[in-house]
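Below you'll find the structure I mean.
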């Protein structure tokens, strides 16, 4: 399986739609343990991304991802802007010049994205952040691709791993981000960034399944 | 009929009790068209008066009324303090040196009180103030005393006249005091100062009736 | 009722103690009286400005005691005029041969209590005069009524008359410039929520989630009418049109603008209001010489704002620009 | 949601327009950016101070732009850190050879966005350094967590580092004194009511009529815990004991005190709190050198307050006393 530039753009726009649909959910999750804007932030960012992608002239997927990253950085603000922005900007580097990407590229993209988020946010898994969804998702992806599993299975397992990560965040106290100010009081709530990460991976799974069908 | 200094003091304390009992009513009336403190103001004033009267050493009713007036002026603030205060201070002059007062003294007391309020507040009847209770009450008193009616009848008519005045204030727009800022919107509400004046006259009626019995 | 207080009956005394503890470089509280006076008041040989009124309008008036504004401020109970004896103490504490000017907001209670205090001071041969501020154009004016209230425009009187006094103007000169400010100031406000007097424990009126009160006073009283809540631009236009209807401005006129918060309104919203006020004045060719934005004359925790416009001439401009150093109003 | 605004999505832009219209003598807005810079910034040959963060904390930070404090303030959306490109524009607008110091409040978003802006500026050979303010002792500190938030104590950093910059201190000197202020400042707050982000339209949490939130941030986030509402004296004692638990004071120590309103709290209540804070410090033999009372770092229309204590030495005292002239903070 592989994705063309147009399909990548389509996929990114689908992510935008998903985040728009879940704007209230993410905002409410953030309201419980943060400042109640994560849905607003993500939606603002991906609305800008979608607009940028409407006019984009390149086939270079590296360029496309870099545009996404820069657009997020310069439109979101808050914590999620630099984090997701850095993730896309770092990911862009490993597919620079490519007009088509495959599963192995996706592994590298995810690896760089997770690295970028760690570098920017200095969090580790267990801190109750988006990393708690993304790191197990990446590990699952890496393993499944090694094992040459069918793409649909792989992407399904990846988003399931992210969902498990989300559920894990419900059980722990936050050590990074705004929720950390609540200490123990943050236990019992899902991390909004972990949920948005899951939603992105779930959209990738569903969209690519559709493209394949 | 006549009142001794002690009976005067008793009567003044009864007025204090009445105003305390009606604190909430007066405050709510003032809340509708003023700043919602008339009951608080009157209660504060007469609580101070009652305390002063506990210790008062004189039999001179003029001195007693002057003390009441000055205590009201220096404890109430707002509009009702100087108004009721001036009323008592002016009334004090006409009974200076007396240890006992009769109905004719009461006529002069009321006359001076109403004059004092007019002088201090520059209001006229129809402005929707305490004058709308006090002026008809005074006229009734004057007339009934001229006609030599029995005291209980007189005082009952006086307080009834005040009550009619209160009801009249409900129909008119305020021209003086805070309620005047509401213009037409003040129509439909009784004037709190008129009500407190009525309550005072009603207490005079009831207390003297009891003394007589 | 949610308030950060101790006993409601002590709130004014507690506040004044906290205030004098906070600003010893500016003011001190008179023992046994709810009066704050300038720290350096002794033998100043200048006209002394005394103002005051009910409490609940902070920083008015204690916050304006200091160089170039007030010499003393008398604090009544919340929303209740101080009594004559308190005002008299304030006058006595700051009076010298130059005399004293009382700046009174036009409320029946304030006017009567200050008047009685003035009579007491005059009986002691203290030279006292007074002005009554009545800038609130929400209220129809008439010789037969109480007339207009004094609201946030009062701060312009404090500032400008205070500067004149600081410059050693005579009592009649200080009074004249105060009267000039009063004649040239119009204000009006709206409220989004009522406020709660601590001793009363509940609000005087309620407003629906989509309502606002127009032409509010600053004592939790209801206003002249009630409407659906409007946008900041519409509110600004509505207040301005009433204000300019009262005192029309010509192209090239110069004005000072005050957007005053009533207590619970974020500064953000006051700035949003100023955007439209400023633009509308500019469209008319009016020059905005100076703008003051913030909580100057509040009404406890009421949400809402008032707009005040003072038409300036050269004298008023230079007095407005004169140095002032008080806890709540400073001009360098 | 009751607010005096136009469209929620324009509230920051509207505010900045209204702000620059109100204070042309102090600041100007950069075209196309939500940044205000000092009016007289050009070629000042001094270290430039840049701060900012989410909007909704007014007067922070735009209100502190002017002589002796900030050179530029960047305004993000309400309670959302500004983006790196906006911060970068602010840096570029005020930078000269003396360099730029970024004053960042310790929130993940602020720290990351300012960090990225700093990287962008450094790539253009602009000399930039930064400090992170973390005065909120409500939050437990640890090297493994985000650590403490920056709240009202930030104003002390603006004032003192600003004075040092105005006095032509070098970038490292300005940074050093900023770090000293940070090391010596502790703050903590309580809230009686939540606040509403205009774009969200409803509050983040609700509080019962007899409850208060303790250890609140300034973004409408819930605090560390919730209790029954207490008296002003008890609140003052509780906040002070946590603050002094963090940075103990000795007899004869000198401090600056800030009683900061969160937006909807009457000044009256802040003074009532100060009464107890001041008395408690004096009982311990601590000298209160200066007290600041008012709305310095707000949280929209949240009701509540924070207390900040800055331990002073001779250097900090003289910088605190240095002239400052900004819309919201003036020292004559």
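Quick notes on this one:
Going in written order, the chains are labelled A, B, C and D, and every chain counts its residues from 1.
What we mean here is this: a contact is a pair of C-beta atoms (placed from the backbone, for glycine too) under 8 Å apart; a residue touches a chain by one contact, two chains touch by 3 or more.
This one's a predicted model, so the numbers in the text were calculated from it and none came from an experiment.
Here the chain-to-chain distance from subunit B to subunit D, counted in touching steps, is 2.
Set against the Cα centre of subunit D, the chain with the most distant centre is B. Work out the mean CA point of subunit C and of subunit D, and you get 28 Å between them. For the pair subunit A and subunit D, the distance between mean C-alpha positions equals 33 Å. Distance between subunit A and subunit B, defined via averaged C-alpha coordinates, is recorded as 76 Å. Separating the CA-averaged centres of subunit A and subunit C is a span of 55 Å. Within subunit A, contacts with two or more other chains are made by no residue at all. Taken residue by residue, subunit C touches two or more other chains at no position, since every residue touches fewer. Contact topology of the protein chains: linear, an open path with no closing contact. Here the chains touching each other pair up as A-D, B-C, C-D.
Looking at the complex, you find that subunit D touches subunit C at residues 2-6, 11, 14-19, 21-23, 55-56, 58-59, 63, 192-193, 209, 212, 229, 231-233, 235, 257, 259, 263-276, 278-279, 288, 291, 293-295, 298, 300-301, 303-305, 323, 325, 327-328, 330, 332. On the subunit C side of its complex with subunit B, the touching residues are 54, 76-77, 79-85, 107-109, 112-113, 115-116, 136, 138-140, 142, 144-146, 149, 197, 199-200, 204-205, 215, 217, 219-222, 224-225.
Contact residues on subunit A toward subunit D in their complex (touch as defined above): 27, 31-37, 40-41, 44, 73-83, 120-121, 175-178, 180-183, 185.
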